[in-house]
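A, B and C are the chain letters, set down in written order, and residue numbers restart from 1 in every chain.
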Amino acid sequence: MAALTCSASDLQSLLGGAANVTGAAEYICTRFATVSDHFADTAYAVDSTYLLFSAYLVFAMQLGFAMLCAGSVRAKNTMNIMLTNVLDAATGGLFYYLFGFAFAFGSPSNGFIGRQFFGLESFPSPSFDYGYFLYQWAFAIAAAGITSGSIAERTQFASYLIYSSFLTGFVYPIVSHWFWSADGWASAGRADGNLLFGSGVIDFAGSGVVHMVGGIAGLWGALIEGPRMGRFDHEGKSMPLRGHSGTLVVLGTFLLWFGWYGFNPGSFLNILRVYGDAGSYYGQWSAIGRTAVTTTLAGSSAALTTLFGKRMLAGHWNVTDVCNGLLGGFAAITSGCSVVDPWAAIVCGFVAAWVLIGCNKLAEKFHYDDPLEAAQLHGGCGAWGIIFTALFAKETYVNEIYSGRPGRPYGLFMGGGGRLLSAHIVQILVITGWVSVTMGTLFWILHKFKLLRISADEEMAGMDLTSHGGLAYAYYDEHDDAMQEKSFMMTRVDPQAV
Amino acid sequence: MASSPLSCSASDLYPLLGDGANATAAAEFICGRFEAISNKFVDTGYAVDNTYLLFSAYLVFAMQLGFAMLCAGSVRAKNTMNIMLTNVLDAAAGGLFYYTFGFALAFGSPSNGFIGQHFFGLSKFPSPSFDYGYFLYQWAFAIAVAGITSGSIAERTQFVAYLVYSSFLTGLVYPIVSHWFWSADGWASPARAENLLFGSGVIDFAGSGVVHLVGAVAGLWGSLIEGPRIGRFDHAGRAVALRGHSGTLVVLGTFLLWFGWYGFNPGSFINIMKSYESGSYYGQWSAIGRTAVTTTLAGCTAALTTLFGKRLLVGHWNVTDVCNGLLGGFAAITGGCSVVDPWAAVLCGFVSAWVLIGCNKLAEKLHYDDPLEAAQLHGGCGAWGIIFTALFAKEAYVNEVYPGQPGRPYGLFMGGGARLLAAHTVQILAIVAWVSVSMGTLFFILHKLKLLRISAEEEMAGMDLTSHGGLAYVYTDHEDELKKQLGVV
Amino acid sequence: MASSPLSCSASDLYPLLGDGANATAAAEFICGRFEAISNKFVDTGYAVDNTYLLFSAYLVFAMQLGFAMLCAGSVRAKNTMNIMLTNVLDAAAGGLFYYTFGFALAFGSPSNGFIGQHFFGLSKFPSPSFDYGYFLYQWAFAIAVAGITSGSIAERTQFVAYLVYSSFLTGLVYPIVSHWFWSADGWASPARAENLLFGSGVIDFAGSGVVHLVGAVAGLWGSLIEGPRIGRFDHAGRAVALRGHSGTLVVLGTFLLWFGWYGFNPGSFINIMKSYESGSYYGQWSAIGRTAVTTTLAGCTAALTTLFGKRLLVGHWNVTDVCNGLLGGFAAITGGCSVVDPWAAVLCGFVSAWVLIGCNKLAEKLHYDDPLEAAQLHGGCGAWGIIFTALFAKEAYVNEVYPGQPGRPYGLFMGGGARLLAAHTVQILAIVAWVSVSMGTLFFILHKLKLLRISAEEEMAGMDLTSHGGLAYVYTDHEDELKKQLGVV
């Protein structure tokens, strides 16, 4: 607003000889004041519109997760996994409202945990509005969604309820406080000067904060539970347990892609912001468009790489793998999407695809069973994304987005030195450490209390029948037995079968 | 947009500039620019508000997809095509009817308090008061109503009967109700110029009553007159669950509805660029965010309450019930989403979950069969939502959202007196009465004319085979044998 | 954005302020502020327009999901994975090709009228004329084209052939066509500086020709050269319907396409904050709303027409046909959505439904097999849409949407003369010719190289088992036995 401020006393002296100088000056200046107020209103309206619709898109990712998970498990566990996805959103909503948001963004606070806005009290404030809460909530539930994939098909529902609320309400908010809150000890936008390695961590939309957190939590859960029955045969050869519907996998993947346009470009939070001089065609709106483009290109190249890579390794064109590769590319670009050039995004996606393939090989070797490859995908590619950002972050973009501190470090390969890289390595270590300590312990306790894994016969029968009151599909009339043997559909469903 | 201090008249300014060589010219020069500025603000306002309104309308439209999937998943495989066709046609037929006269009857002011009378076929459109985006938004609402009803009478209604009631509902019954409560002329509108109902008018912000209750009461009558599906209650009169054929579709539909509800509730503000006090961070945009939050919280609470409630009552964690509970919470908060605090929304969701459970118990006892629980969900929870608003509406919010009448009544429990509650009770009665008279009669006539319900054979075989040319699913290549088995040529 | 009356030069103002002590300073002081204001309006304009454009682009992208589901539902279960993979790759491969040269060939001005030549790999991006959001939006259009074609040749095409034609189409054939009609330099563009085609240029607002006709003609040739699927026509040459495996997916896909079309048509305005006359309620935002309405009405009418038309012809209420009819209506209105009145859109939809029915009859007679009716739907209705625009384009709208050339021709039936019709006929011919030459040849070469069609055994077994590692659905744990049954190890 600087150039718009108009003080009557200044103008007065200038207008000099006019009859009623004071009057004229005030008359003119009040109008300028009104104009600048109107601009303030406009900015709030435009930015809120942008943020809210981005939040809605991110929410749509929860639908994507639900469909992806449903398609990737066997038919007999569909209802179970979908219920967890619905509840991620529902429980997430309550917990994040009560204290999650407060832990994450409740500044003024220390560098480790926030402590204002419990239950959204004294909301909205000049710094935070409801739209921002909604946006952050949509992020929080995504993390829990990732984890539920890793431990699918063999986890007791009660233990799901416990870890999910713990993750969304406590573990994740604290991590996001570290890296995203203005007070966070590793935040790149930290209010007081001393940034981590003079740079802070540039995890723009959360390769680490969201994806690695969810991935590591799932890793521990799946490790402690052990693989599903029949996943590895007696001599330890791995037997793929295919999901029951490729269509749902593709549906889910596309919905996630759709939602990712809220996840990455939306993380700018506001669109009406100029870089440098006002009146230029280049501003935050342009950076937002670039972010959407980098996101798209990273996913695309990862998908193609997986397609041909798998063709050579496995011998057929596999759509499920392509979908996972695509998502891997997105998970990787998430952290650097706003500070890299489109060409770099292609590199990012290319590598991410191989990272995922490698992680899967590794998981197979160690008899680690993750029905959705969630730990490999969000953990492996997420970690790569963090490194990638530290290598390819471009100076100008970094300074535009994290403005106010000239000469901050940027990508190593772009000539920005190693300080950003070291900060990002610290991020990976810290996240891994913190999530392992908290979630690992939690899962271990649940395990000791025999609350974690379901019984063998439950697992054989499928959880839908044993704990969710029936199978997901009944394609033929329950009374009409003529059809049964004719089809390879579901067999008769007895609602009372518990 | 152009608030008074921006208006600049040369005649005021030039005496101030006084004896300057040609003060008049100077004044005109300066004022001309302020003129231009305030005009540009008007343009900006229209652009921003229309962007907001249009994308909200698109989200509301997405709810139709949600309904289609939810309905499809909740019926048996043999009736899938039938129910989905009704959902497609709700949107298609709705579009034409609402264009030709629906919108006119609803918002065609200036008019009397009972029915609108302008803009038939969008003639004289756009006007300073209504733009095309607004029509699109209201159309998306209208088709939702028919979607609700089609759920109640699923799996046993003749397609012709559907075509008749659907056009009648979207084209006449619903528009008139929305005129009463949402048009500036409506007899119960909170925005009308003078003599508000109980000095308050009805605060049904996004339509717990206007949309959900209307659709539900219509469905209730249809379903009552038709009677339950064959096999829904056995000889002993015990209820037999006729489970839908795909839980996945139910969840897909529920999430899509949730997604669309962010257009339905926050979108009902129609415009976002409206400051409550210029230059402050708190304005309509903030109220819109709050509305999205209350909506979310109400649904979340309802879902969790249903989860544990059902666990205690039935003994397993049932995702279909959770989805219905969730939607019940949304239907309830819809009426008051913009005028209550988040904590109140949590309360709203908690109660609505129990309301739904209660209604279902009741329906079972009375042998009322509603394949989608639509009447219980949208009717029961919708009615609760109307009451809830009358109890918890907050003074500050009410005056921000419905400005211009200082000191209007607000929530009873918030110390706002009972006049709002009275108005809302009237709303429930008026809606139930009007819809019962209009739709009830219609369904009864169709019934008498033997046009309402399909034959028992058709019902056993499934409508997809008998009237829609084949099953929805063919996972093997042997469909023809399949057809033979079912005795269909 | 900064409209002239806002520009303020101190040298103009200070003589007016006359003998004021230091009039110059005062003038500069005041003008400096007006300077700042007009700059802030520029910023606001960019922010609003980009918000609008980006979310429109996201909606258009959602259409790819719609295509995937529509295609999946319309093929037999044994080829589901194959068709969905093509849809995923349309988006993925399309992204890379369009980034590296597609966008450059389409919009790389300054250039000649036939092909663009700048911005390869988005070098020198963003420029004052193009921003990243615009690239994203155009990319979403490009991948839609390949999606259309993959429908026509579904269930019998080798995957390698798909990879080849898809990249050729998205990377070269389509961009060149879009350059002709949409780039400011294009020889048939309505926006080019001088010597417009027939003094008018082609008004193909959102691409009935550029997108739909191109995709359809490509598919037509592919499908013709491959010949029909095994069993599509029996020995006597009678047509045997090979029904898709899931009506639910068809409806899901259709609704998603409808949802995305609101980004496709209204989004093609690219910017929303443009007043036709500053300070008035009527501006680009209003035209955008109107476009959304015309789009809706065309689709709705087409759906209803198909419903009753098919009821009369075939005897049952068929949801799949209604969905195709709906999409046909959208494909037709796409070309003229922004320049016609709502009533004309109703007409457009009505005719397009019959065009589709006619094309399908024709295709059956000629033993042309198109699993998704893509050529009939996007080609037939698309061509009709181009003609329709030339007949019903309204003068006022044409001049608002394509300003700067007063007195340009408009719809024949609206009294605008036949020059627009002539231009549009040329468009149809040019597109058909160019796509036939390029894509036709390509498919023919692939055919000669035995790379186009899969073997009969593969076709019987289904491509999912033979080349995609397994069926899409496993509802029981007995998949292996299943495979044995189907004679696959």
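Going forward, contacts are C-beta pairs under 8 Å (C-beta built on N, C-alpha and C of every residue); 3 or more make two chains touch, one makes a residue touch a chain.
Which protein is which chain? UniProt says A, B, C = Ammonium transporter.
Keep in mind the model is a prediction, meaning the values are calculated, not measured.
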Arrangement of touching chains [line / ring / star / complete / other]: complete
Cα-superposition angle relating the copies chain C (Ammonium transporter) and chain B (Ammonium transporter), to nearest 5°: 120
Between chain C (Ammonium transporter) and chain B (Ammonium transporter), distance of the C-alpha-averaged centres to the nearest whole Å: 31
Contacts with two or more other chains, residues of chain A (Ammonium transporter) listed in rising order: 15, 17-18, 28, 35, 42, 46, 49, 53, 245, 251, 473, 475, 488-489
Sites on chain C (Ammonium transporter) at which at least two other chains make contact: 17-20, 23, 30, 37, 44, 48, 51, 55, 246, 473, 475
Chain C (Ammonium transporter)-touching residues of chain B (Ammonium transporter), taken from the complex the two chains share: 17, 19-23, 25-26, 29-30, 32-33, 35-40, 42-44, 46-51, 54-55, 57-58, 61-62, 64-65, 68-69, 72, 80-81, 84-85, 87-89, 91-96, 99, 121-122, 126, 128, 131-136, 139, 159, 246, 249, 252, 464, 467-477, 479
Residues of chain B (Ammonium transporter) touching chain A (Ammonium transporter) in the complex: 1, 3, 5-6, 8, 12-13, 15-20, 23, 30, 34, 37, 41, 44, 48, 51-52, 55, 59, 76-78, 231, 241, 243-248, 251-252, 254-256, 258-259, 262-263, 266, 272-275, 278-286, 288-290, 292-293, 296-297, 299-301, 303-304, 307, 314-319, 322-323, 326, 342-343, 346, 462, 473, 475-476, 478, 481-482, 485
Touching residues on chain A (Ammonium transporter), where the partner in the complex is chain B (Ammonium transporter): 15, 17-20, 23-24, 27-28, 30-31, 33-38, 40-42, 44-49, 52-53, 55-56, 59-60, 62-63, 66-67, 70, 78-79, 82-83, 85-87, 89-94, 97, 119-120, 124, 126, 129-134, 137, 157, 245, 248, 251, 467-479, 482-483, 486-489, 493, 495, 498
Partner chain C (Ammonium transporter), residues of chain A (Ammonium transporter) touching it in the complex: 3-4, 6, 10-11, 13-18, 28, 32, 35, 39, 42-43, 46, 49-50, 53, 57, 74-76, 242-247, 250-251, 253-255, 257-258, 261-262, 265, 271-274, 277-286, 288-290, 292-293, 296-297, 299-301, 303-304, 307, 314, 316-319, 322-323, 326, 342-343, 346, 473, 475, 488-491
